[in-house]
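Read through the structures below before going on.
Both complexes shown next keep subunit A, but they swap its partner, so subunit B is in the first and subunit C is in the second.
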Partner chain A sequence: MRVEYINPFVEAAFNILKEVVDSDIKRGELYLKSTSQPVLGVAAIVGLAGDVEGRVLFDMNEATALAIAGQMNGEELSAFDDLAKATITELANMITAQAVTKLHELGFTFDLTPPAIFTGENMEVTDAGVEALIVPIELSQGKMEINVAVRER
Partner chain B sequence: MKNKQDFPNINERTPEGQKPDGSKYRVLIVDDSMFVTKQISQILTSEGFDVIGTASDGQEGLDMYKEQYPNVDLVTMDITMPKMDGVTALEKIIEFDKDASVIMISALGKQDLVKKSLLIGAKNYIVKPLDRAKVLERILMSIK
Partner chain C sequence: MSSELIDLNDLDLLADSGDESKDKTDIVDYKMVTFSLGGKDYGIDIMKVKEISKASKFTYVPNSIPFVKGVYNLRGDIISVIDLRLMFHLPVPENTTGIENMIILRLEENTIGVIVDTIDKVVGINSEKIQPPHPLFGDINIKFIKGIVENEEKLYIILDVESIFDQKAAENALAQKSYGTGSLASTSDTATGQPVVKQSSKDGNNVDYNFIVETLATFSHFFVSPINEGWVKNRFNSWSNQRASGGLSVQFNSAAEANEFLTGFASPNSGRFWEADYSAALSEILPDNESGTYNAWDVGCGKGEEAYSIAVCLKKKFGSKKIRIYANDSDLLNISTAPNLIFTKNSVPEMYDEWVTEGNNGWHFTSEIKDLILFEYHDVTNDNQFAPVDLIIARDILSYLTATDQQKLIEIFYEKLKPGGILIAGSNEVISGSGWEPFNKGRVPAYKKI
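After this line comes the complex of A and B, so read on.
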């Protein structure tokens, strides 16, 4: 997978998180995985279809998701309820929209699915025939992984 | 000794959501995201606007507009929604009331739909992420 696909997502995540979560953000080392990967507990998934196809996961544990959603809502949230899910969905929406605008400017055209949220323990994700690039992001609320698995059609 | 009343607060101002006659601007929020609805609602109510209803898709927004007409001063309309999208709902609201004030709420990258909305008759648009200053500025430009 070409690394230029993931950079817009990482840049967009930095920009949006800085704006809406106002967090101290650090980027970890990017790594590549071709086997199944564990999902941390709360994952927002967005599908891409067009010149490039695949999916992007924004993956974090529940405590981190709650802390981020709480910060975005300006109040402490005690359970990962509908409001918390809507908040993380919107976060994924905003990051993806900014990344895709950049990719469109680079000449790639494709459509997106609305984000879906998966929650649960002991989940893993497997992408048939495509490697996933993962960028860990450290926030004061915890760790989020941006996990991109796309290929050119 | 002088007390507080003898020193009127020069910083006191009329909330932005208040009309010159003292009544409140009435706003209908149409958005499928509970988070965005809450965010817009909090910003507006803190400035004295009256949020008279919230709808989670275009059809529900259109129905609410018709029910509340002529007591709606402004509609905030998300572009991407299930059942009926925001551009179609805008079109139908303008068909029903050509003077309707509708402001579109858009994710980045929807310029074509924003342009289409402005041609149909939307008064303005706001690109997410939303912040208080941006929301108030665009809304005030649309209603005052």
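After this line comes the complex of A and C, so read on.
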């Protein structure tokens, strides 16, 4: 992954999560993963197109997703319903959008696709031909992994 | 009359809303203590600053890292004191009084004093005005910078103190680990392995050799295979003699010794800009191609010196072609400084003069050269997605991968090279196998894809 892309994603994730979810947030060591990887249970995905192509995946387990959605809505949610899903989708959108804005300022232009959310057990994601940058984030609600797989066109 | 009143009110309202939007960026919600280091202005979030003071007579702590000035007694609390200038490799002005300006930071876990050139004042700003750090900043790792802000025509670099001192702890851990990528678990392995080796020392020399091969993998992550066996065997002989004459055991007792064993393995000009003669030697063997483009792949470019050297070399030889260099490394810290590598003028040989220029932070390459290189954080053992290349530079990379990965990578190299393209391996590495034709002209051993 191009070096210039890394920081905007990490910073955007950090800023947004700190602002809307939890001020006590820790970032783990970044690392690279090859193509196939398991998904924890709730995965919001935002596609990128333009100078690069790829996608950003926000991966967490259902309990974490529920807690985050609850925190963002200011109420306790008991089931992972439409509201919770919409909230997580929005979170994914906010983070990706801020990263893309930052990249735009650095002179890279690309567009976002509308976010989509996947839920289920024993899921796995495979990107043919791209390695993913993993940004592990520790929140008091649980662990979230931001998985960025983009490549130059 | 009444209509006039309404009008006036409306005007007021308009004026109010105008003020409000203007005020928004003027609201001070972030205060920072500003100070200077090496002639530049910096800021630290005031919430992290406990106090500022002038201090002298630090108690030196033996065996500490150079930038740790010592400890200081702050009204009964013992705090450690760090010289930020030394930590960031900035010049330290002469100070005859011995009294230093110190900012006492209150961090999550402890209190720390940092020494700076001069402390300026407290500046209040709106946090929305803080711009993200641009990767151009050279002397301080971008990770440590929270952002940049302008105030009264001065630019302040806001340092992220939490990450600086967190980072330090992390680096310490890293330094210990880098001696043996095999980490603690494998070190204990070798410890238990040692007695076994000693017991069965019938064919001592051979056993020693095998032991060396194993510990090289543990301590230095260096894997002996047909690629580098020739060099390792030779080195083993000279090593045995050297150790015997010093009355020492042939085997390694520490990672430092394993690294000492590997002295001389590295290719010429590793980790710095290539000297003119090396660059010329490479230039001589580069095959031309008929197309208008020339692609190269620099595997394991580290901090980027190698990639820039290649760029200049190619630029000289194929100036008229469209040159593209894919440079990657799996070490995030190294690669993140590569796109904006800053260096001192005397670290670059004369031949690069045409393409280097001085910026605010030091010397760097001109965009004419920079734009030829695409730096990526990438692990070569994962998928490699890019166009076929004319040239692959993988000096001293294969030996640091496991035998399986070595084979896999050689296959990838073969697949990625255009027919007739060449692979430059390390000076002490040998690539064999079908499809490769050794092509040793002069100082740069190369292999041609046939």
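Simple rule for what comes next: the second predicted complex is superposed on the first by the 151 of 153 C-alpha atoms of A that agree within 3 Å, B and C clash if a C-alpha of one lies under 4 Å from a C-alpha of the other, contacts with A are read in each partner's own complex, and residues count from 1 in each chain.
Assume a contact is a pair of C-beta atoms (placed from the backbone, for glycine too) under 8 Å apart; a residue touches a chain by one contact, two chains touch by 3 or more.
Small disclaimer: the values here were computed from a predicted structure and weren't measured.
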Fit-or-clash call for subunit B and subunit C when the two complexes are aligned on subunit A: fit
Touched partner set for A:E152, first subunit B, second subunit C, both or neither: second
Touched partner set for A:E4, first subunit B, second subunit C, both or neither: second
Contacts of A:L77 with subunit B and subunit C, given as first, second, both or neither: neither
Which superposed partner A:E19 touches (first subunit B, second subunit C, both, neither): first
Which of subunit B and subunit C A:H104 touches, first, second, both or neither: first
Lowest C-alpha to C-alpha distance for subunit C against subunit B (Å): 5
Shared contact residues on subunit A - subunit B and subunit C: none
In the complex with subunit B, residue positions of subunit A that touch it: 16, 19-20, 72-74, 82-83, 86-87, 89-90, 93-94, 97-98, 100-101, 104, 114
Subunit A-facing residues of subunit B, complex: 33-36, 38-39, 42, 80, 107-110, 128-129, 131
Residues of subunit A defined as touching subunit C within the complex: 1-4, 6-8, 11, 30, 32-35, 102, 105-106, 129-131, 133, 151-152
Residues of subunit C that touch subunit A when the two form their complex: 132-135, 142, 330, 332, 335-336, 338-339, 374-379, 381-383, 385-386
